[in-house]
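A, B and C label the chains in the order they appear, each numbered from 1.
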Amino acid sequence: MSRTKSPYPYWFILPAAVIFTVLFLVPTLASFWFSLTRWDLFSVEFIGIENYRQFFREPFLIQGLFNTVIYAVTTSAAKTVLGLLLAVLLTSGLWGQGFLRTVMFFPVLVSTIGVGITFTVLMHPTRGIINVALAAIGIHGPGWLTDPTLALYSVVLVDVWKGIGLATVIYIAGLASISPEYYEAARIDGATRTQLFFRVTVPLVKPATVTVVTLSLIGGLRSFDLIWAMTRGGPGFSSDVLASVIYKQYQAGFYGLSTAGNVILFALIAVIILPLTLWFNRKEVEL
Amino acid sequence: MKFARGSILAAAMLALSSSIAHAGVTLSVLIDTNPESIASLDVLTKAYKEKNPDVSFDVEQRAGGSEGDNIVKTRLATGEMADVFEYNSGSLFQALKPERTLADLSDLKSEADVRDIFRKVVTGPDGKVRGMPFGPAMGGGIFYNRKIYADLGLKVPKTWAEFMANNEKIKAAGKVAVAQTYGDTWTSQLFVLADYYNVQAQVPNFAADYTANKAKYATTPAAMRGFEHLEEVFKAKVSNADFGAAKFNDGLRMVATGEAGHYPMLTFGIGTIQQNYPDNLKDLGFFAQPGDDASKNGLTIWMPAALYVPANSKNVAEAKKFVDWVGTKEACELMAKAVPSGPYLIKDCNLPKDIPQAVADMLPYFDKDGGTAPALEFLSPIKGPALEQITVEVGSGIRSAKDAAALYDQDVQKQAKQLGLPNW
Amino acid sequence: MNSRRQLFTGLAALAATIVIFVLPFLFIFLTAAKTKQDASLLTFTLPQQWQLWQNFMDVVSARDYMLLLAYFNSTVITVAAVALLVLFGAMVGYVLQRRPSRWNTLIFACVMIGLMVPPAVVPTIWVLQWLDLFKTRTGMVLIQIAYGLAFAVLLFRSFIATIPRDLDEAAIIDGAKPWQIFFRVILPLLKPVTVTVIVVQSIAIFNDFTNPLYYLPGRENVTVQLTLYNFQSQFGTEFNLLFMNILLVTIPPLIVFIFFNRQIVAGMTAGAVKG
């Protein structure tokens, strides 16, 4: 057998590489160029960094940047903490836990647009069920999606509602791979339930935590569908995130400007995720 | 198995639709979802099919507002546009790059009978006419409930102060004084846009200076009044509790059925009321948005939308034939009968005798010399894309009128730069 | 004592879950069965008059049976994209895991880019137009593959690490060709992780709204999520039809889930977490 013929030929990579290069890498590289132009799909005109200047001059953009980070951090924190707690609860031999696991996964399956429309109706300030129910027990419910200080967090709540099932399943899988011997040993040493949770479960379920945090952070930073379906970035600009600002520029036909926004979003994700990934990996080596 | 069944169904459907197409020419038409547009197109296509049995129509509806702008722009840019489509005239028409995307209609016979005032707002930068009026001219002002006015003994206000005084009385009577519907963000712009008659009355050169980057909203007190009106209405707390979530249709329902005293809107809302609340149509009145001076009271008007033919349509000839017919007196009077909610812009095309009260309230402004002024978007190619978000902010108390005017100036600057206009 | 406490916790959890996770679905179902006037009240009540079937027919027949066309398009796109994703993803994961080389760094960099970088929409449209693939289903399938590859490669690579190399070597000694080893020996062993990829990606692609919105305009190209979005403006006040549409759009992913419910956790354990 000749040495040049590996049983793992590189042509196996070829189809994926071609598709990925042409439809992902090329447009990504091209976006750096197009972000420096005034572009309306008919003609391209080089205008230097004017689009970036424009983008940072938009007063709502700073808020959009801020909102993007808030949105990503709050959704992924909530999914991580609640997901782990629910996973522990649902593997503790609880009555009806199989049913609960299934039901909690349902929202993951529904389209984001469907969820958005449904909750927009449920959160209607005067007639929505949530506020009608609150009124029944004497609480004057807020304008979930119409109060500018609240709109973003209302969408965060719905995002967590929709994504918690997936986080829980990932954690359940992580818990299943922890050997029961660790718990036995700790229990013999006289550890309490709280100690078991913090000293055994939390450290050993770390691979799952890395997955949940990374996936939900990236998802949160790029999030668009749900915000668009529920508030369109409003009221005013109060729940705008980078992705919705980018879409609005696209809508207005400012393609160069929209592409510049894309490059900025890319930079934001890189600035947040890369150090985090390095940090996760280093901790792994130390262990 | 599931897959196979789905494909058979779809194949059957495709076969079905292509067999219809085979009979002759099928013109695809894209219009917005306003009941007035649907009703107008309905009478037009029916009559046209009777005269031309080999032509059939495939009508598609699209969203309005900036969502609709996006659909129209991307479909034009990507060659996916219907054979005939309806879209705004004026600055939004200019943003379509008409000289590159739309067919030249200046050689159509019926264009000669279109009023000049309209031809101007569908003429591209190259001087060629590219649109045919579709529907009536509209007034932008305030719908009011005549029953409430009669019960409370109110008079139609001629100044903004009188208007606000009426609002207080309506509020005291336990009704919503001004319906606001920011669930459809575009409806929030009315107080600003419909104030243009008053702006022009005080600053006659505003449109030209604004286009030339000389006049600004933030530095022109008359222009800023629109934003201030919005702020005053919010501060007076005279609107419906769910103003942030209510929609266009809710606003029309409120003012028609007497839940609310006023609803600032374009008169094209009349068609929806006629369809959904025919019994309440007689209670619906209309007046121009009042300014500060009672002696200079007049109406800001909107040109109707137009029908356009994309330059790269497969059926340009057939489409132009249809559009040419739409411009005839015969077709116009069909529309006027179906949608009698404002004056039409074809010569000698008259409204029927029996018109809704709100239209009767509007016509005197048109008859009076200098009683109307076109909205700014028909005088200048620039309209900032974020106005509807900014007006929602002012109307919800998030931003002050002053800040909003300055912010809108920035938004306008962005649009002008992206259009590559000189002086910006 | 302990078991009783567990029963109570269980019941409490059950009640909370039902309120939080089941009521919204019940609301969708009930609203979908109401009349127009009844539904417009937005209340959580039984329909005054059940008209599930009529609403169903109204939604399906709206706009010339557009929903059926949308189902057809969405199914074709989902099935084709997921099938190719599994195949191409497994092939890359296999070579990546089995053949360490300098290239691996590059491939890993691409995987990270694919996971992190938001797609550049307008330049992608520009590339698709240049390839004559814009607003075609083929283009949409390729886009979904390009966007889903990174995730699939990661899952497959870590799962293939658990398959002993002895199997490949035995096949090599038997004189099998590289593609024979992969398709006959390795691919069948990847079933658990393949199920995970299929479930996750088919739900993601079927439910995808943003990408068809950008890349697949045109009425003959509608997907189910786009019809829902369009119906939202068209049905403005007809909440019964809007929610019937939501109900119909939710059913296919639910079926996938009911079939593969058990395997999802298994696949996650095997692939994503141990990795």
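Simple rule for what comes next: a contact is a pair of C-beta atoms (placed from the backbone, for glycine too) under 8 Å apart; a residue touches a chain by one contact, two chains touch by 3 or more.
Everything numeric in this text was worked out from a predicted model, so none of it was measured.
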For chain C, which other chain has the most distant CA centre? B
Is the number of contacting C-beta pairs greater for A-B or for A-C? A-C
Taking each chain's centre as the mean of its CA atoms, how far is chain A from chain B in angstrom? 39
For chain A paired with chain C, centre-to-centre distance based on mean C-alpha positions, whole Å: 16
The positions of chain C in contact with two or more other chains are 125
Contacts with two or more other chains occur in chain B at residues 67, 78
For chain A, residues contacting two or more additional chains: 41, 124, 127, 250
Could you pull out which chain C residues touch chain A in their complex? 6-7, 9-11, 13-14, 17-18, 20-22, 24-25, 27-28, 31, 41-44, 84, 88-89, 91-92, 94-96, 98-99, 103, 107, 110, 112-128, 131, 142-143, 145-147, 149, 153, 168, 172, 178, 181-182, 203, 206-207, 209-210, 224-225, 228-229, 232, 239, 242-243, 246, 249-250, 253-254, 256-257, 261, 264-265, 268-269, 272-275
Which residues of chain A touch chain C in the complex? 5-10, 12-13, 15-17, 19-20, 22-28, 30-31, 34, 39, 41, 89, 92-97, 99-100, 102-114, 117-119, 121-122, 124, 127-129, 132, 161, 169-170, 172-174, 176-177, 207-208, 211, 218, 222, 224-225, 229, 243, 246, 250, 255, 258-259, 262-263, 265-266, 269-270, 273, 277
Which chain C residues qualify as touching chain B in the complex? 63-65, 68-69, 71-72, 75-76, 79, 125, 129, 134-135, 217-219, 230, 233-234, 236-237
Touch list for chain B against partner chain C, complex: 2-3, 6-7, 9-10, 13, 17, 33, 60-64, 67, 74-75, 78, 80, 247, 249
Complex contact set, residues of chain B against chain A: 66-67, 69-70, 73, 77-78, 95, 97, 100, 182, 185, 241-245, 385-386, 389-390, 392-393, 396, 398-399, 407, 410, 414-415, 417-418, 420
